[in-house]
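Following: one structure in structure tokens, then a few remarks.
All chains are identified by letter, namely A, B, C and D, in their written order; residue positions are counted from 1 within each chain.
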Amino acid sequence: MKIKVGIIGATGYAGAELVRLLYTHPNAEITAVSSVSFEGKKLSDVYPSYKALCDIECKNADEVVVRSDVVFAALPHGLSQELAAECYKAGKAFIDLGADFRLENEDDYKQWYNGEFTDKELHKKAVYCIPELFRDNVGDSRIIANPGCFTTGAPLALAPAIADKLVFTDGIIIDSKSGVTGAGRGLTQGSHYPELNEGFHAYKAGGAHRHTPEIEQTLSHLSGEKVKVTFVPHLLPVNRGILSTCYAHLKDGVTKDEIRKSYEDFYKDEYFIRLLPDGAYADIHNIKYSNFCDISLHVDTRTNMLIAISAIDNMVKGAAGQAIQNMNIIFGLDETTGLVIVPPAF
Amino acid sequence: MKIKVGIIGATGYAGAELVRLLYTHPNAEITAVSSVSFEGKKLSDVYPSYKALCDIECKNADEVVVRSDVVFAALPHGLSQELAAECYKAGKAFIDLGADFRLENEDDYKQWYNGEFTDKELHKKAVYCIPELFRDNVGDSRIIANPGCFTTGAPLALAPAIADKLVFTDGIIIDSKSGVTGAGRGLTQGSHYPELNEGFHAYKAGGAHRHTPEIEQTLSHLSGEKVKVTFVPHLLPVNRGILSTCYAHLKDGVTKDEIRKSYEDFYKDEYFIRLLPDGAYADIHNIKYSNFCDISLHVDTRTNMLIAISAIDNMVKGAAGQAIQNMNIIFGLDETTGLVIVPPAF
Amino acid sequence: MKIKVGIIGATGYAGAELVRLLYTHPNAEITAVSSVSFEGKKLSDVYPSYKALCDIECKNADEVVVRSDVVFAALPHGLSQELAAECYKAGKAFIDLGADFRLENEDDYKQWYNGEFTDKELHKKAVYCIPELFRDNVGDSRIIANPGCFTTGAPLALAPAIADKLVFTDGIIIDSKSGVTGAGRGLTQGSHYPELNEGFHAYKAGGAHRHTPEIEQTLSHLSGEKVKVTFVPHLLPVNRGILSTCYAHLKDGVTKDEIRKSYEDFYKDEYFIRLLPDGAYADIHNIKYSNFCDISLHVDTRTNMLIAISAIDNMVKGAAGQAIQNMNIIFGLDETTGLVIVPPAF
Amino acid sequence: MKIKVGIIGATGYAGAELVRLLYTHPNAEITAVSSVSFEGKKLSDVYPSYKALCDIECKNADEVVVRSDVVFAALPHGLSQELAAECYKAGKAFIDLGADFRLENEDDYKQWYNGEFTDKELHKKAVYCIPELFRDNVGDSRIIANPGCFTTGAPLALAPAIADKLVFTDGIIIDSKSGVTGAGRGLTQGSHYPELNEGFHAYKAGGAHRHTPEIEQTLSHLSGEKVKVTFVPHLLPVNRGILSTCYAHLKDGVTKDEIRKSYEDFYKDEYFIRLLPDGAYADIHNIKYSNFCDISLHVDTRTNMLIAISAIDNMVKGAAGQAIQNMNIIFGLDETTGLVIVPPAF
């Protein structure tokens, strides 16, 4: 018997990507989807690529909760807390692709999202989960805070070096470049084709992007001390993919071989992490449409700097794919179920 | 027990796409691949996106034949006839993604490919198969001439109107636009990024492209008379997809409704054909990475012209996907096996 | 003393392109610009690429008229007639990049634009001018109907063959492909980067696009008889450029050499028409940012079809550049003044 | 009387861009060009966009020297020293777009280019010149080492902060992203359209790229002490443009206002430097085809980090445009002559 899956906010990009991936998941079936903007419309009316496959009609959120064993919410921040409570009461698992449960510290949430924890007990029940780093925390929790896109790729690139204390946690710089789907389906002048095409720029540089505290939270857990980073996202003229070029000062005497050894050990059982050989460079071209995170390692011996680069598909490992990986964890399935995808060669 | 599949020419684009699609085919396993250029190398060395998935090493063609139940050949024209003979003798099925067996008339082959049928009996055993049009011809044949990319999309756009004699077969114009992968992996100035990007042009216009006689062969079979077409391919600055805009003069009194009825009947049981509703336009965006052929119908009542537009992924329905569809036919599987793919929404 | 130029609708794409080209025109200076959406803002606030160059502030339309010798209007249809009257009264030249004065026949205007000629006398004073075809009509007129983008490239590709009666005017097909700027600066889901990028589709196929009657009007003037065409525009994932592939049946016995001779004679003194040598193909890559129209000629001898292909920059020869060419005519300047531009090689 | 200009290596991308820009330079005329690969061919045969404008035939290098007052060389490193000597002897000015004269220290040249200074006296006569930083060094020198692309944008982004000692020179990180033309016209798998399009990756990370010592040389001159940087270039899927995101630790107590003041003073008379207002971000979209360098300033007060971002067109300010700027200096022209270009809005 298949897991009954509901998707709230199914017509946004993350929601649509959940639909694409879950459609061929062998242990799940999509039983209901909702959309505020397109209630009453078929999903395939919104996304013609889904025609003849996902012709399911968009309902409202309540119906989704009723019909599902697990509810995915892909909503702007602030809208998930109530839904989570409703699901919790009804005994449904809840996986939040939004930001409401990501920050553990309510002060941080207030500062960065200008909101508050409406139900503090509920927040204690939620688990923030990049599976490769935090799967052991899930236990029997049924509320998952699914990480954001920048906040998945960059920490995965840095985790082993920080956990093994091979780099200083001061002065870490994360220079990230994201495909346009990261900004969602909403229309803006900045995502109007002629103004983005053949362009490239940074935005919210230096402590202005809300993923900053989330990255710091993860790195702090890994290092055991409070970490601050300089984070600068950029907008790439491609549809998908995030490349994060992460810079950290090596501790004295740490060699490239030690770095490599640390990463190999740390990720040796991880299906979705592909540690590239020396001389190769992580490229978003190679992970598109898949749940892989490719990592390449480079050391500048002239400046004693580790340069760890990760590439993920922002909509898969950075959103819908990782959410399904988390669903697999909750339901005791192999984490790769439904996520064995060969990234296209071109 | 899975079908043992071998791929000759696995490092070209069509070969690589076969690998991608067959990797998750439930009834097949790739047992051997070959490449002249990369013999001894792993597939994932050539295509890093395949790392950890398709690390199989490239052998030579003979080894591939030995180890396989079915051999796919993705080779330049002229190289398949001998291989086909070898497979035939060894009792292996042979699916040719090249052009050697596509033209039924040897004179045509001489004219367009400057070659000859080295084994005329073998050619009689081969079946040219766009499944939606010619699957009944396969019978117990084990040699399939898999159609080219332009020669799949355009005929599918025109087939019902021609078969039902709703249009004149004189003066048909096919204006096709193909993504760059259609030109293969070989390096040319024309596919050098800065010279192709933001550009667009026709090539081999008007009876100069080798797909012309193949399209005409198919349309002639459908109409029962000799059809000639004006065919002009163009090069699109995208990776994948072919859009064919096909123009045919409507016979007197034929209405748009009759056209639609004809197409609906003709394709009513075809999983891979998606006939779009009135007002919608076929778009390569909506079929990428999948085996679908989207068709939209438009009538210019001022000039009494049918405009039938098809969109396919040139590497899937136009090459590797259709080849697998043909394999499914030969092995008695459902044609959709391994080809149920949701085209990404973005 | 420089010509005082005003631009109404300066923040749309056509208006912005006028600004770019006029900034370096040796005989003109921009004295005022207007914008309904951005009144009070600097042009460089809207288009940061103009910073430090075109920091001129957007006023209202009336101020533009007062301060100018010639007024360019780049407005949605329906808004130019009144402005033209105002300019006419004030003795200012008026060049309309909109559609109000393009169709000579009021019934056509009613049918396609659902509007009427509010001042019929004024319409008689206006001249529709693709300079290479109609410059002799300008005389001392001071109201120019500047042609649309599709309606410039396709007629230029067909003009000599039609004027010299080398092709039948029945059954002409124009398959055009336009870059995205043709759709303007307004936000739509269809021009949202992730939904357009790597996509391609037709729109308003077969007598549904308003440029159809305008193309027919031009071809009818050239042939001396009423011409109807099948016109299908497509949307290219590039910023600029229109390629029009035009199909016309050759009259009996007309050879490729006669065709070429006809075009060479017709365009022999035209700076902005580049007739490509045999074997070359018009490519939007080669004319971007310039006022050139490249034309290549191809004959399908199997079907007796002329395939004439033109490439223009939709924003230059298809809008702002041609408008300036028309201004040069009115003011007695060499037509190339301010328009000598080397199209970038990449 | 116009300056007679010769271009050696005119069919490479930098050479072709020189041709484009010099064609409309009011005080210069191209009298001869050379190309090893295309000797005897017209420039417009190699670049069809130049047809009817730059139909000049490619000669050999010697002829270019003879016919010119100033010779631009756009050659792979190692080939310019001899040419420079020849020009020097013949009293011609020589502007080298290659690397032979960029590094002042021969040991550095040996280490990074594996070559030597064949004529040490000649090297002393050469001046490395980013005009905004080093124009005073030119004096009556007639041999100019024109800087590389990465080595122009990044130093311009950092110069005021370093010269005014507002940042530490330890730990500077330069994360640069370059359009594909930076890799030249030569064909590689990495610049084959389908493998680059929709991709993004770093290359030669961390002290492996030859522009590293050149950047360090410039920053060391500015600071008066030996500076080392961590430099990581990336390849953007666009034709043109380099964005350099530069990170430097602010000295204690330095405020954002002091930073801005420093930049405003430093660049107050520089036509080609556009310092963007607070809140704006440098974007390659806004400087394409022009000689501008846009700079935006950002401070991460949480980590006390200056983030200075510059955007240049790698082929203009990063190559041909700056070379012409240097020519203007040598010949006593206003630096902006021939370089007043409005970057297109789209």
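Everything that follows uses one rule, which is that a residue touches a chain if its C-beta (ideal position, glycine included) is under 8 Å from a C-beta of that chain, and two chains touch if they have at least 3 such contacts.
Computed from a predicted model, the values in this text were never measured in an experiment.
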item: Chain whose Cα centroid lies at the greatest distance from that of chain B; value: D
item: Chain A onto chain D, rotation angle from CA fit, given as a multiple of 5 degrees; value: 180
item: Chain pair with more C-beta contacts, B-C versus A-B; value: B-C
item: CA centroid of chain B to CA centroid of chain C, Å; value: 38
item: Rounded Å distance between chain B and chain D, as computed from the means of their C-alpha atoms; value: 47
item: Chain A-chain B separation of Cα centroids, rounded to whole Å; value: 37
item: Of all residues in chain D, the ones touching two or more other chains; value: 13, 181, 194, 196, 198, 237-240, 283, 285-286, 288, 346
item: Residues of chain A defined as touching chain C within the complex; value: 13, 179-181, 185, 187-189, 191-194, 196-198, 237-239
item: Chain A partner contacts - residues on chain D that touch it in the complex; value: 171, 173, 175, 177, 194-196, 198-203, 205-207, 212, 228-230, 232, 234, 236-241, 243, 245, 247, 249, 281-286, 288, 296, 298-303, 305, 307, 309, 311, 346
item: In the complex, chain A residues that touch chain B; value: 13, 16-17, 19-20, 23-24, 47-54, 181, 198, 239-240, 271, 274, 276, 280, 283, 285-289, 292, 294, 315, 340-346
